[in-house]
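Naming follows writing order (A, B, C, D, E and F), and every chain is counted from residue 1.
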Amino acid sequence: MVEKISLAHGDGGELAHQLIQNVFITTFGHHDQAKLDAAILHIPQEKLTISTDSFVIKPTFFRGGNIGKLAICGTVNDLAVSGATPLYITVAFIIEEGFSIPQLQKIVSSMAEEAKKANVRIVSGDTKVVERGSVDGIFINTTGIGVINTEEMLPKTIDKQDVIIISGTIGDHGISILSARGELGLVTELNSDCASLNDLTSEVLNVSSRVKMMRDPTRGGVATTLVEICEDFNVTIEINEDALPVKEEVEGACDILGFDPLYLANEGKLLLIVAKEDEEKVLAVLKKFDIGREATTIGRVSEVETNGRLFLKMLLGSRRRLNRLAGMQLPRIC
Amino acid sequence: MCVGVPAKIIKVDEYSAVVDVMGSKMTVGIIFIPEVKLDDYVIVHAGQAMSIVDEEYAKASIEEWRKMVNDRDA
Amino acid sequence: MIETLKQFSSSTISQALLKQIEQKAGEYKEKFGREPALMEVCGSHTMAVAKTGVKKLLAGKVKLISGPGCPVCVTDQKSIDAMIQLAESDERIICTFGDMVRVPGTNRALIDAKTDGRDVRVVYSPCDAVEIAKENPDKQVVFLGIGFETTIPVLAVALKKADDERVTNFSMWVTTKLVEPILRKLLNEGDVQVDGLLLPGHVSIVLGKYHYQYLVDEYRVPGVICGFEPAELLSGIYKSIELLLNENPEIINSHQHVVRDEGNRQAQLMIDQYFQVCDEAWRGIGVIENSGLDIRDQFIHLNAKSRFDIKAGEPKPTRCRCGEIIRGLIPPEECNLFAKACTPVNPIGPCMVSSEGSCAASYQYLREE
Amino acid sequence: MVEKISLAHGDGGELAHQLIQNVFITTFGHHDQAKLDAAILHIPQEKLTISTDSFVIKPTFFRGGNIGKLAICGTVNDLAVSGATPLYITVAFIIEEGFSIPQLQKIVSSMAEEAKKANVRIVSGDTKVVERGSVDGIFINTTGIGVINTEEMLPKTIDKQDVIIISGTIGDHGISILSARGELGLVTELNSDCASLNDLTSEVLNVSSRVKMMRDPTRGGVATTLVEICEDFNVTIEINEDALPVKEEVEGACDILGFDPLYLANEGKLLLIVAKEDEEKVLAVLKKFDIGREATTIGRVSEVETNGRLFLKMLLGSRRRLNRLAGMQLPRIC
Amino acid sequence: MCVGVPAKIIKVDEYSAVVDVMGSKMTVGIIFIPEVKLDDYVIVHAGQAMSIVDEEYAKASIEEWRKMVNDRDA
Amino acid sequence: MIETLKQFSSSTISQALLKQIEQKAGEYKEKFGREPALMEVCGSHTMAVAKTGVKKLLAGKVKLISGPGCPVCVTDQKSIDAMIQLAESDERIICTFGDMVRVPGTNRALIDAKTDGRDVRVVYSPCDAVEIAKENPDKQVVFLGIGFETTIPVLAVALKKADDERVTNFSMWVTTKLVEPILRKLLNEGDVQVDGLLLPGHVSIVLGKYHYQYLVDEYRVPGVICGFEPAELLSGIYKSIELLLNENPEIINSHQHVVRDEGNRQAQLMIDQYFQVCDEAWRGIGVIENSGLDIRDQFIHLNAKSRFDIKAGEPKPTRCRCGEIIRGLIPPEECNLFAKACTPVNPIGPCMVSSEGSCAASYQYLREE
């Protein structure tokens, strides 16, 4: 087999057939599904949930993962935080002519591995190859389907004094990727936190019926995710500056570049709103997991049925409002 | 007026040094502080080390503040 | 060392200092019949007092006035237009600090030029721009050199690198500003009541303490050089009020672990070697004689102003009041556009978009609505 | 609102929020779903089917449609041909910085319109904006979910003498796009056949329980689709050269460039394998539809349980084997 | 040896013409057949019209073949 | 007119002609003890007899031998390597007919260079390449000019256009071939039994009927110029056998509605103006004196061979038997690699990948396995 993706790998002809046979079907391992335009799902359940995301991360490979692993985790997590058990996932590749087939194989293998870990089946796929310059390397879309097992669905009504919990340190993914890009001269050995959260979410839902809402604070970070919750559900949330778990490397990098970890992306962090009564229970469950060891409460709901705002309580005791980012974070000098 | 961050020197070359800011590393120029040595802390601005941090003075400041706190508490 | 430095943001110390300040401020008010008015000269101080909550916590006790220390905000509209115009060519790569990319020109910002396909790159260090020039020999690479005395020597390093390595496709578009002329201007005009100055922690690394003696000698205004962490800010404010109460103006270096009293000689020499004084236009103020630095004639080959024929027209006047804000005449909230037509997403003036802008600081950190 | 997509439209911050509010939610019209990471589906059924595809078509706008319409039709059709009723669809955009927002609005409106026509609900979305040069304009992924209402599922066992039916002329999309690209100097007024086929498929399944298999012969055309069926289901199929419905413009263009309509893409054609007994019934149903007016039988299954091959019976009576394309079709001169 | 297709001339300029092949149109050079006129059919090869199709001869060929067919059937 | 032309593919007529041929072929066999052997000189004929099924239908009755008429297939491996090497530069845009892009060079094909990021573009007309040159003044645009006498005047038009419009960044890499020298070579060597020739329908547009008189006069081999539709092919074959039975060699123009007996004067003049004869290397045969055309010295500025320093090494010998196939010595099936190591997806020789190649025709149209 040739070692580079050519346009002919995406035109539905003989090479496309070979690519699908040799790379995708061999790795994902379902031979019969591949014969059909659509996959048949067997779901013994009525409450289904679906989520889609495209992954366009640069660089394609980074410490702690690659675009393939991320594409599985990302969609698994969107389903998981909605309270569902992820069951099926579709994968669609857009690949630039000239892309290395061994690298593609690596990406596809990571996807298979992560799907196995997260216990989801990859059921339908698509591959498009585009002219050099029409896409930068490889982009992947994943769409996932999950079932909701719980009686009541999330989100539930948020109450005053509900607590905000994060499953671990924030901003790891953002700084790890920034460093992997090598553009700003920053070098860290920090891993992206890229991980599937469905084990965490299902365990948490097992022990607590008072989880009000879960989110994975990806692009835009914890601050943007919380701003959206505040606006969408008309609550005021206060988080505490000194309660935010931030790795030293992340803090250092943010200091140099003038970034704020609250706005950095995470790819393996769970943000929860939980009734005060269940705070300890939920924290205890989260801490049982390797990726939840540093779970901690970072704030609380201070008002409900209000026009929703997010506040940061600062060290000196005063608070300030947090908004969405006005644009990307840019390194500031002066 | 300018972002400046204390960073630890972990490697010194002739005109540049590698600094570490709590685990994040970066190469910076040291033309303004040729006397810098390993393990010094420096203030970095836009890729140049601008000043060597003097721990004695830093400690003195803290001492001064602590005194004020204690004065007050007393 | 890190443990020591971490104490600069200690909550216990800061709380205690706060209380001390309140007491001193009370004494001041008793003595002078009004609250003490301190100007943070430096944009990072403006940001820090807002972000840490110091400003809010001292409201009604100490008046903190934002000064002209945000280099983006003080840049004249015409200069900004010229820099954006510079980007309007396929033959060029414009490199800039992140601070500049969203600043609104008369027609658009650098980021809009980028969206339209111009090659605008954010770099962390000016020397990175020289490297980009070496990697792109068929393009003209221009670095937008803005800043005060902390940044100017760093610009000089990039000029030295380009000159030493004969990188012929690199040049710099310089609009730097100096602290002394603008402070003299503000103090001379006296439109705003400033009792004391919080002197910039990083600019002072280069200038040193002695440099500020003119404030005491000529204006009888005290100044405290201080850092940016909560305890540093608070102790700086405390010392300032103490000086005011003593009615004995003085320059205090409260940032001694970083700032040498004589400044940084190497940095001063680099400035002298590559730059010469020039008149600079300040936003909302106009041209101030000898208030900036431009590349020395000897290095004119590195000066983008002589390399490219950029002629920005007269900027369209707007209702933005940045000019008054940087002179400390009004707080952002007094601008009618603030948080209405003008927001960080849709900035009308540079003060709303610069990370050190007073309007941005007010919008992000002080406003609760 | 600014008129061009900038990177900030995709970073999860304020502009991203505005774009989603103003363009997507306003057009697709579901305000509550947007608050959640995953959409909840209500499907009163156990047999589900799912299909994913990315759309990377150049040019973005063409006679008879645009990338948005195509993205809906394409996935609707993959579900429809599997015998399902398409119910839900997710849409994920990857947009190049600088893309025109009015054009995006047009694309999104076409999607809303086509989704309405096809009676599918758009339930989950995603927007990524990438640096100029990282993608060529806009790419769209759609993933669809459908339910299977029939007792027995497709594909059914293919028998000898089953007939091959196509719902209309072949190659219209391929030549229309080639002409829209303007690269080879060819100009036609031909429309792409881009259309949703789910009304056809459901009517056909209503009248006939002897439909063995349905396909939409997109990339690779009728020949590649049939080759795949032959190989996957171990049957030999013979199609007749003189039975192939080809528009004159398509024939002309193929003559000039040395292309074969059998390998050209279709985006609104249904290919069916039907028991001989139901041939007329199925043809009659197809002809009731505007887009099925030229439905016709093009061949038959000549052998089953064999190593599958596709043959073309030529005018003079002999036959030749048809293979997959070895690469894309290229204009030949000499 | 070379793909050549009969195409109808639907517009003539000085050095080029627009041809129609059953609805698909293309601009071709006519330097080799300057005498070409509207409604002529031409053989196009790689963007140039190479020859004007003579319908009389075409009909004669068909006539000839038909005769052979009839001869045989007779 | 279209109605008339459609009859050329009439099934009734074709079926009848088939029967007539069978009868005549029978007569021939009776008379000469073997089936008549006709060579299709032209690659399009090779393709057409395979694609329409004529070859299969006549199997055992008339032997159809594929000749050297596929311009890609006859191109020497070294020339192909040179053309691919030409593409190995970021400074160039290589324009080519679609036919060339998948042809395997010693190391790789043009399409692999494209996959690796080289700018290789398929055009429909050589003049399009001149337009591309005008749109890309900073790149060298090279058109790969291959072909026989139908294509050569078209190449001349592009040269004329580039010269008239002074497009200085356009050039052409020419390896064209002429029909007469190769036919003479084959007939002189006599390795393959050829009783009559099916003469190329489109080449003859340029050359005319009279040009072929040497076949009759010097070799006493008859030839029939015919088209590509089923009835045309069949009537050409029929007439050929008739001539053989009459033992009276002659050139018949059975494509009169398209081919003038004297050929196309304008096209002939264009060839003369821009090209001069040269020795050409033919795959598997070697150099044949005066068997090709190259750009006239007067237009050397348009000749890519003098503009670029391309030196292809000696190609690695392979077990591909294209050389024998284009001389009609063996059919594709006799090559050990056919349909095993060598397939259209993984072609070893050009005959498997060119749209007119004998191996491709056999693989695609004749093979049922």
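Assume a contact is a pair of C-beta atoms (placed from the backbone, for glycine too) under 8 Å apart; a residue touches a chain by one contact, two chains touch by 3 or more.
What you are looking at is a predicted structure, and each value in this text was computed from that prediction instead of being measured.
J.: Can you list every chain in contact with both chain E and chain F?
T.: Correct list: D.
J.: Touching chain A and chain E alike: which chains?
T.: Common contact partners of chain A and chain E, which must touch each of the two, are D, F.
J.: Most remote chain relative to chain A, going by C-alpha centroids?
T.: E
J.: If I count C-beta pairs in contact for every pair of chains, which pair wins?
T.: Top-ranked chain pair by contact count is A-D.
J.: What rotation angle takes the CA atoms of chain B onto those of chain E? Round to the nearest 5 degrees.
T.: Angle of rotation between the two copies: 180 degrees.
J.: Could you work out how far the Cα centre of chain D sits from that of chain F, in whole Å?
T.: Each chain's C-alpha centroid was found; their separation is 38 Å.
J.: How many angstrom lie between the centres of chain A and chain D, each centre taken as the mean Cα position?
T.: That gives a centre separation of 31 Å.
J.: Taking the mean of the CA coordinates per chain, how far is chain C from chain F in Å?
T.: Centre-to-centre distance between chain C and chain F: 74 Å.
J.: Taking each chain's centre as its mean C-alpha position, how far apart are chain B and chain D in Å?
T.: Going by mean C-alpha positions, chain B sits 63 Å from chain D.
J.: Where in chain A do residues touch at least two different other chains?
T.: As it turns out, chain A has residues touching two or more other chains at 6-8, 14-15, 185-186, 256, 258, 323, 326-327, 332-334.
J.: Scan chain F for residues touching two or more other chains and write them down.
T.: Within chain F, residues 43, 70-71, 97, 111, 124-125, 128, 147-148, 150-151, 344-345, 356 contact more than one other chain.
J.: What residues in chain B touch two or more of the other chains?
T.: If we look for residues of chain B contacting two or more partner chains, we find 1-3, 22, 45-47.
J.: Please give all chain pairs that are in touch with each other.
T.: Chain pairs that touch: A-B, A-C, A-D, A-F, B-C, C-D, D-E, D-F, E-F.
J.: So in the complex, the part of chain D that touches chain F is made up of which residues?
T.: These residues of chain D touch chain F: 184-186, 242, 256-258, 309, 311, 314-321, 323, 326-327, 330-334.
J.: Which residues of chain B touch chain A in their complex?
T.: These residues of chain B touch chain A: 1-3, 5, 7, 20-27, 44-47.
J.: State the interface residues of chain D toward chain A in the complex, per the touch definition above.
T.: Chain D residues touching chain A: 6-8, 10-17, 35-44, 46-56, 58, 77-79, 81-82, 84, 88, 90-94, 123-126, 128, 130-131, 133-136, 139, 141, 143-146, 148, 153, 155, 215-216, 218-221, 224, 228, 232-233, 263, 265, 323-328.
J.: Show me the residue ranges of chain C that touch chain B in the complex, using the header's touch definition.
T.: 1-2, 4-5, 7-8, 12-13, 16-17, 19-20, 41-45, 69-71, 97, 124-128, 147-148, 150-151, 153-154, 157, 200-203, 205-206, 231-232, 235, 238, 254, 256-260, 264, 266-267, 270, 356
J.: Under the stated contact criterion, what part of chain A meets chain F in this complex?
T.: Interface residues on chain A, with respect to chain F: 2, 4-8, 14-15, 18, 97-98, 132.
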